[in-house]
Amino acid sequence: MKRPGWWSLDMGAPFRLGPRVLPGRVWTASGCFGYGLAAHDFVAADGSGPYAGLGAVVTKTVTPQPRTGNPMPRLVETACGALNSIGLENVGFEAFLATVLPELEARGVPTIVSLAATRPDDFGPMARRLHEAASGFAHWHGVELNLSCPNVAEGGHDFGSSPDTVARCVAAARACLPDRALLAKLTPNTADIAALAAAARDAGVDAVAAINTVVGLDVDLATGQPHLPRRFGGYSGAAIQPIALAKVDQVVRGAGVPVVGVGGIASVEDAVKFFALGAVAVQVGTAQMRDPFAAAHVAAAIGQWSSS
Amino acid sequence: MAVIGVVAANRLVSSSFHRLDIDLGRPFTFRPGQFVMVNGAGPRALTFSRPFSILAAEGSVLSLLYRVVGRGTAELAAMAPGDAVSVLGPLGEPFPEPMAAQVTILLGGGVGLPPVHAWWRRWGRPGDVACFGARSGAEVPWDLLGDAWRVSVDDPDGLAPGRRAEVGVVTTLVPEAGELPATSPVVVLACGPLPLLRAAAALARARGWRCLVSLEEHMGCGYGVCKGCVVRVADGAGERNATCCHDGPVFDAADVCLLAPREGGSA
Amino acid sequence: MKRPGWWSLDMGAPFRLGPRVLPGRVWTASGCFGYGLAAHDFVAADGSGPYAGLGAVVTKTVTPQPRTGNPMPRLVETACGALNSIGLENVGFEAFLATVLPELEARGVPTIVSLAATRPDDFGPMARRLHEAASGFAHWHGVELNLSCPNVAEGGHDFGSSPDTVARCVAAARACLPDRALLAKLTPNTADIAALAAAARDAGVDAVAAINTVVGLDVDLATGQPHLPRRFGGYSGAAIQPIALAKVDQVVRGAGVPVVGVGGIASVEDAVKFFALGAVAVQVGTAQMRDPFAAAHVAAAIGQWSSS
Amino acid sequence: MAVIGVVAANRLVSSSFHRLDIDLGRPFTFRPGQFVMVNGAGPRALTFSRPFSILAAEGSVLSLLYRVVGRGTAELAAMAPGDAVSVLGPLGEPFPEPMAAQVTILLGGGVGLPPVHAWWRRWGRPGDVACFGARSGAEVPWDLLGDAWRVSVDDPDGLAPGRRAEVGVVTTLVPEAGELPATSPVVVLACGPLPLLRAAAALARARGWRCLVSLEEHMGCGYGVCKGCVVRVADGAGERNATCCHDGPVFDAADVCLLAPREGGSA
């Protein structure tokens, strides 16, 4: 698409997010691009790589301990979206720090590290360890607290839907993360996302990311049972875009905190809708699974627009 | 890397197998056992692409063999020459090249034929044994198999005149150990429905042969990033989750559980 | 589709809902089939009418006073659903009672009357007036309280998301409605729909209907502004089906009250998913706008299945 | 009542007008000014069907004229003979039949042509004046208009050799009052973009003629149940919302506001 007449964001100007300047406003979303390494040797027809123009790769959420995740099947495609029940399978925080983050740094991949934990106080030590181990890294820009994954049995759901808990998680991480951007990723499964965003804002985030997946279920007609062993999954993809836009609008206008928009973005047109509402950046999730270059394409299309 | 190709041909090659030829506009190379993720282009794209083993690739033209089982394969079948199609790949770990003197037994069941067929075309030697099993005689894609393949069918119905097939499961086509050169290492490469893989693994275990299987899981990304396709693997390095798409789809049969999920497998 | 092997609902047995026996388990949803009269002379190729096999037409929500509804445009189609911002345009309760309900009765259309009000106490008088005016009607089966329309400025949203208010609305209506079925239609825009359902159950509903529309927004690329003058609209159609299935499951298992499933049902396959989770009936909404016979087709396909 | 028809033909009849013929398998009758709601069948159906005025119907074949402006019309343009298409209708209030001695002035702009064209074919008389306005010469569907229609274009570009068109707005084609029989009641029937309807209404008001306009609103259901298409009407019975689909699409120009919503109209 061509630059719309009403567009006013200057894509050429440095994009400041808290204490950092990021290389762009189009990111990949957590969990839909792994640790950002599996695609590193993919090459597009024009010779460019999958990180071209990206503002950040938000890595798959890591937890203090490794997790094997949920039973299979973990994915169901629906009419125009998907349900996932991965269950935060990850290598664990220490292994991530030891092997993954250094490789991202070595490859020059702009990185936001996604963290989850079951107790708010766990976020402090993880942030401190990161600060100690990676403070010299040029490409590590910040941390996104995943306060919203609906697939983790021990609390995930209620966890992120209390403004109090959100504030405690943010405060714990903020105290240990003086020179990197801090984001809180919010759940849409609440009646009042602006209240969560306000709590995150007051506790010191540089931005919130909205939204994580919506609780959904699909039934297998062959058995009459839910497709997913855990019954519920996280709903994502084109189908949730209007919900994400509504939540982003509620946060922008209700909490006045910078917002990174996520939910059903696959094209530059999709991304532009979030920017129109005031999002400072966007993330491409499910669409990145279908095409490792989805975010890079969006970044390329939008990257040349300046406000002048 | 998700290349937009153009459908060159899309036609039935047996009662239920379709062959899709896609011109990718640039040379495409692969190793037998690898697959591609396929989708419609633009607004016709489904949320997830679908995995298909690579049957062949000549120059810029990639060939797949598929059966219609649901929404994605129905959309494939509706494609006409000239239609745009999105292809990501080649992906995954291939079947290994043969060692010196190795005798290879290839077992393909149904639309599990492509990876073993591609292997046989690339690496096959005179002493190898290529076996294909179909549900019915009508389902056998004879043009692909020619005379070199042994064929079994559950039901001989629809067998082309002059063609021969055993009635029974595909493992009945496998020669006795005594019929094979005594000193050669024997390797079984299998792809097809789980019962076939189980039978292949059991037979190989009983005879002390190595057996490699190509597994199927419903996939999200196909390139290792979503953890939607994990299989439980237990090998020398311990028990862990492996991704079917990136660590597989080819696994050593001794390392994986070949029960269906609902039979107590990966769930 | 053919009757699945696991199917156990007896579609031939009388379908009892509180004090009434209804002619079927497939209904049309409120607001998507008007007052049920606009299509009365439509005839299918096989000669059948749009009410054939229907358990009920849930009429467009009426309010104590007539409403002119929201500014235009009121509808936006999205990737696989739609946003609406009708704003409960309706002729008003008294006009409905005087002209619409008698005509539905005369035509033998099985009817559930949808009511909304801005104060819980308004539901009592409306239920009483109905009871007085229509107690002799054979085809009027009950009332559905719309506690969940997100398009009404004065409270709609918060209104239905408090278990207390839900209980008060239900109790007020129940007290005046001794011999008709009483349903409460719940909002999905809450973190805990089971709590709302439990409140409705304890206050005396015969069933709850779930779900009403999900809050959504879409941006007009031409202007960078929301398509709808009121910014937000109610999201419906195929896209919300997984959300509706999740909410229905939460209510069935969390509140143990009969549930009428609504949300993205267009085909018999869709309907069967809700029945599989334990819904006692289903409603066809948005799909009824595309095809006035959508619900009738679902009813015909499923109507012949019995458990024997 | 949403009948599944089959595309009989679908082709360009000018630079940007497509004509779609749909065989409904049973006789179809309508009154000029009525419309149908059209959609793909089965999984190709969009959430909402799209309204199209009826151009003609012969036996079981319904004809529409459309321009591609978005998703729904793009999907229509992609349909090929044999494809299934869902049709609901005829719907809405038609243009009225002419009274005795009435002189009718027909004004069609762009794809607003079908209802006035259908009226002219059904009820048109020698003294009537049929006028069509297009954006460019290339856009004019001459085969439909023949010689009987006066034609205006914003831009003469692409005008077919031997064809003539005024350059200007379509109302410039309307004869002066003095050129019409003095005693006949004159009625203007107009369909097209809002500026055309406004010009038609103004002209009719100035000359004391009756003017009926066919309005467009984006529609949800097309049969009066969703209240998604309301227009503000003020007539003898007071001011109220009317549905464009069920009370309209034809309204007396004196009763409706012809400003666009964003100009302060129905919002």
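We just call them A, B, C and D in the order they show up, numbering each chain from 1.
To be clear about the criterion, a contact is a pair of C-beta atoms (placed from the backbone, for glycine too) under 8 Å apart; a residue touches a chain by one contact, two chains touch by 3 or more.
This one's a predicted model, so the numbers in the text were calculated from it and none came from an experiment.
The geometric centre of chain A is 49 Å away from that of chain D, both derived from CA atoms. With each centre defined as the average position of its C-alpha atoms, the distance from chain A to chain C rounds to 36 Å. Touching two or more other chains at once are residues 71 of chain D.
Shown for chain A are the residues that touch two or more other chains, namely 78, 80-81, 238. Contacts between chains trace an open chain of neighbours here, each touching only the next in line. According to the touch criterion at the top of this document, the contacting chain pairs are A-B, A-C, C-D. Residues of chain C that touch chain A in their complex: 1, 4, 6-7, 78-81, 83, 157, 161, 189-191, 214-219, 221-226, 231-233, 235, 238-243, 245-246, 249, 264, 269, 272-273, 276-277.
Considering their complex, residues 1-3, 26, 37, 39, 45-49, 71, 86, 88, 217-221, 223-230, 240-241, 246, 261, 265-267 of chain D touch chain C.
Put simply, chain A touches chain B in their complex at residues 31-34, 38-39, 42-45, 50, 60, 68-69, 71-75, 77-78, 80-82, 84, 86, 89, 229, 237-238, 286, 288-293.
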